[in-house]
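What follows is chain A paired twice: with chain B in the first complex and chain C in the second.
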Partner chain A sequence: MTTIESPRAPARPAQRRGVNWEKWGWIYMRASGVVLIVLIFGHLFMNLMVGEGVKAIDFGFVGGKWAEPFWQWWDVLMLWLALIHGANGMRTLVNDYTNPGTVQKVLKGALFASAAVLIILGTLVVFTFEPCPAGAPADLLPSFCAA
Partner chain B sequence: MPDTSAGTLTAPAKPARQKPGGTLYRGREGMWSWVLHRITGVAIFFFLLVHILDTALVRVSPEAYNAVIGTYQTPIMGLGEVALVGAIVFHAFNGLRIILVDFWAWATRHQKVLFYVVVGLWVVTMIAFVPRHLMNVFSH
Partner chain C sequence: MSTAALEVKPVDTAIQSFTVTFLIRRFDPDIDTEPRWQDFDVEMYATDRVLDALHKIKWEQDGSLTFRRSCAHGICGSDAMRINGRNRLACKTLIKDLDISKPIYVEAIKGLPLEKDLIVDMEPFFASFRDVQPFLIANSKAEPGKERVQSVAERERFDDTTKCILCAACTSSCPVFWTDGQYFGPAAIVNAHRFIFDSRDDAASVRLDILNDKEGVWRCRTTFNCTEACPRGIEVTKAIAEVKQAIMRGKP
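Up next is the complex of A and B:
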């Protein structure tokens, strides 16, 4: 007698031991999503709605913001949460639209690498930022550089 | 049952239009919210990659950063920012809808109504954002 596999049978049986990473990924998407709404809506309000909005953004604007640890941590938290949220979401699409194999591994590797590189780059930029670089024209710098 | 035409040997003629009532997912609010969530998510992801790189230019020089951020202030990019904010706002509100549908039985039963709530909140938010943003982009 032949048995017909259930149409919804998973490609691999669910892992019974150890950490259930898919469950934690599912929880992460929801938890980070709620926090990201606050962080990104705040980011958009500060950068696009207040004052002259996008027209006011320049080196001096960024320098003024990152002079305060509050906005440094705001942006770094946003960077980490958003990139991991986005890369994990893209992983879902790769799982949906590709079959297990080399192509799928390459795509997931590219997602992981781009997220890791940009998280490290962004974190370094925020915390090693020099608002008053020597030799730069004073009119491009935040106003506090003159003091 | 005899086939009525030659071309339907493997795929029999379509049965009379079926209406599976409230269980139909495809083509309804649930599907469109899912489709829009994917499309906006992918768009936001690729913008995020670019946005981190352009912001990283503050570490190169004030001139380099200002040159690139200046392109964000052109009329075409200003319209692109309307699309970007529209995508983010939809993804945000629909994400909250997904969480409610996951954790709250009432919301699971009323996911269609909640889709229209998302659309309504999106419209309100965009009305608050778009005129002010376009005035900033197209004046000065």
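Up next is the complex of A and C:
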């Protein structure tokens, strides 16, 4: 006589408690996407349409923007949200197109490293940007730096 | 004058039939190392179905052609196959709805191990189905001699997902399922949805935990292939989205 195994013993047990990164990753993609629409179109509007428009963009324009904490935070927020959004999207592509193994680990490691480096460097630049560094030779400084 | 009347051709009242070319992806594990395409010419009527063509081929031309079919009326879910690149039930696809000026391509559904011709191993598909516990788990006892009472609105909540016939057309049309076959797949989520939103069932949280897995609902990319493929017209992608919402809420 054959007995049928209890159907209530799942072959794939429910995952143990803890932070569910897949769930939060999914929510992050939606939330950051909505915020990025505002940030990116605001950025494009301010840079390309307001005032003189695209012709106004030069070293001084960027220096002026990053002298204000508002635009510093705007740009840093855009940098963090966009890079994590992009890297997480690439991670799902890696999940979809490679099999679990060394190659997948290397690709994900490379994605994490490149996103981390860009985020750290970008944040550093935005907050420490100094268009007229003290003690620099005068011929290297932009024209608007009063001696 | 009288000879002219005799020359009038008799009106052809017979129903028009056409010669339709079928290109079928054959695979015989005893002979072939790779699947191969074989063409068959079949005389068909516009109201015939692709399943009738497969029958004609098997009965009149090549008895070795292998495919599954049981009821042949779109309810048993045996004969899902890829017809002209789309997952369809062969018994619900009429010749008149296909472009017969070109050959009609018929192959097995993708993403599941090919066994022979149009037959795939459905076991991985049913394994995911079993994993979501697709049966009523109720803590309460019904009144003796009575059924569990449910309002019309409560029944309506999960009506769409009760229509599933487990034909695997949705799961085998899903590009995420094609990649490594680890994803639960739309069909398993649809059948979990059917019980998660059932007011008589008490194990919604168990199923939501199971589908909150790395290979669960979060792998869905909302490409809508499943909704497009479903021969029962279930709004599969919508059902998956509702399960996602339920997981985020923590309850149905």
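In this section, the second predicted complex is superposed on the first by the 115 of 147 C-alpha atoms of A that agree within 3 Å, B and C clash if a C-alpha of one lies under 4 Å from a C-alpha of the other, contacts with A are read in each partner's own complex, and residues count from 1 in each chain.
Everything that follows uses one rule, which is that a residue touches a chain if its C-beta (ideal position, glycine included) is under 8 Å from a C-beta of that chain, and two chains touch if they have at least 3 such contacts.
Bear in mind that the values here come from a model prediction, so they are computed numbers and not experimental data.
Touch criterion met: A:83 reaches chain B, while chain C stays clear of it.
Once the two complexes are overlaid on the shared chain, A:25 sits against chain C while remaining clear of chain B. Once the two complexes are overlaid on the shared chain, A:49 sits against chain B while remaining clear of chain C. When both complexes are overlaid on chain A, the residue A:57 reaches chain B alone and has no touch with chain C.
Contact comparison for chain A: of chain B and chain C, B touches the greater number of residues. In the superposed pair of complexes, A:121 makes contact with chain B only, with no contact to chain C. Contacts from chain A toward chain B in the complex involve residues 30, 33-34, 36-37, 40-41, 44, 48-49, 52-55, 57-60, 62-63, 79, 82-83, 86-87, 89-90, 93, 114, 118, 121-122, 124-125, 128-130, 133, 136-137, 140-141.
Interface of chain B with chain A (complex): residues 38, 41-42, 44-45, 48-49, 52-53, 55-56, 58-59, 61-63, 65-66, 69-70, 72-73, 78, 81, 85, 88, 92, 95-96, 98-99, 102, 129, 132-133, 136-137, 140.
Across the complex, chain C is touched by residues 7-8, 10-12, 14-15, 20, 22-23, 25-27, 92, 95-97, 99-100 of chain A. Only residues 127, 130-131, 133, 135, 175-176, 179-180, 206, 209-210, 212-214, 216, 218-219, 221, 244, 247-248 of chain C touch chain A when the two sit together in their complex.
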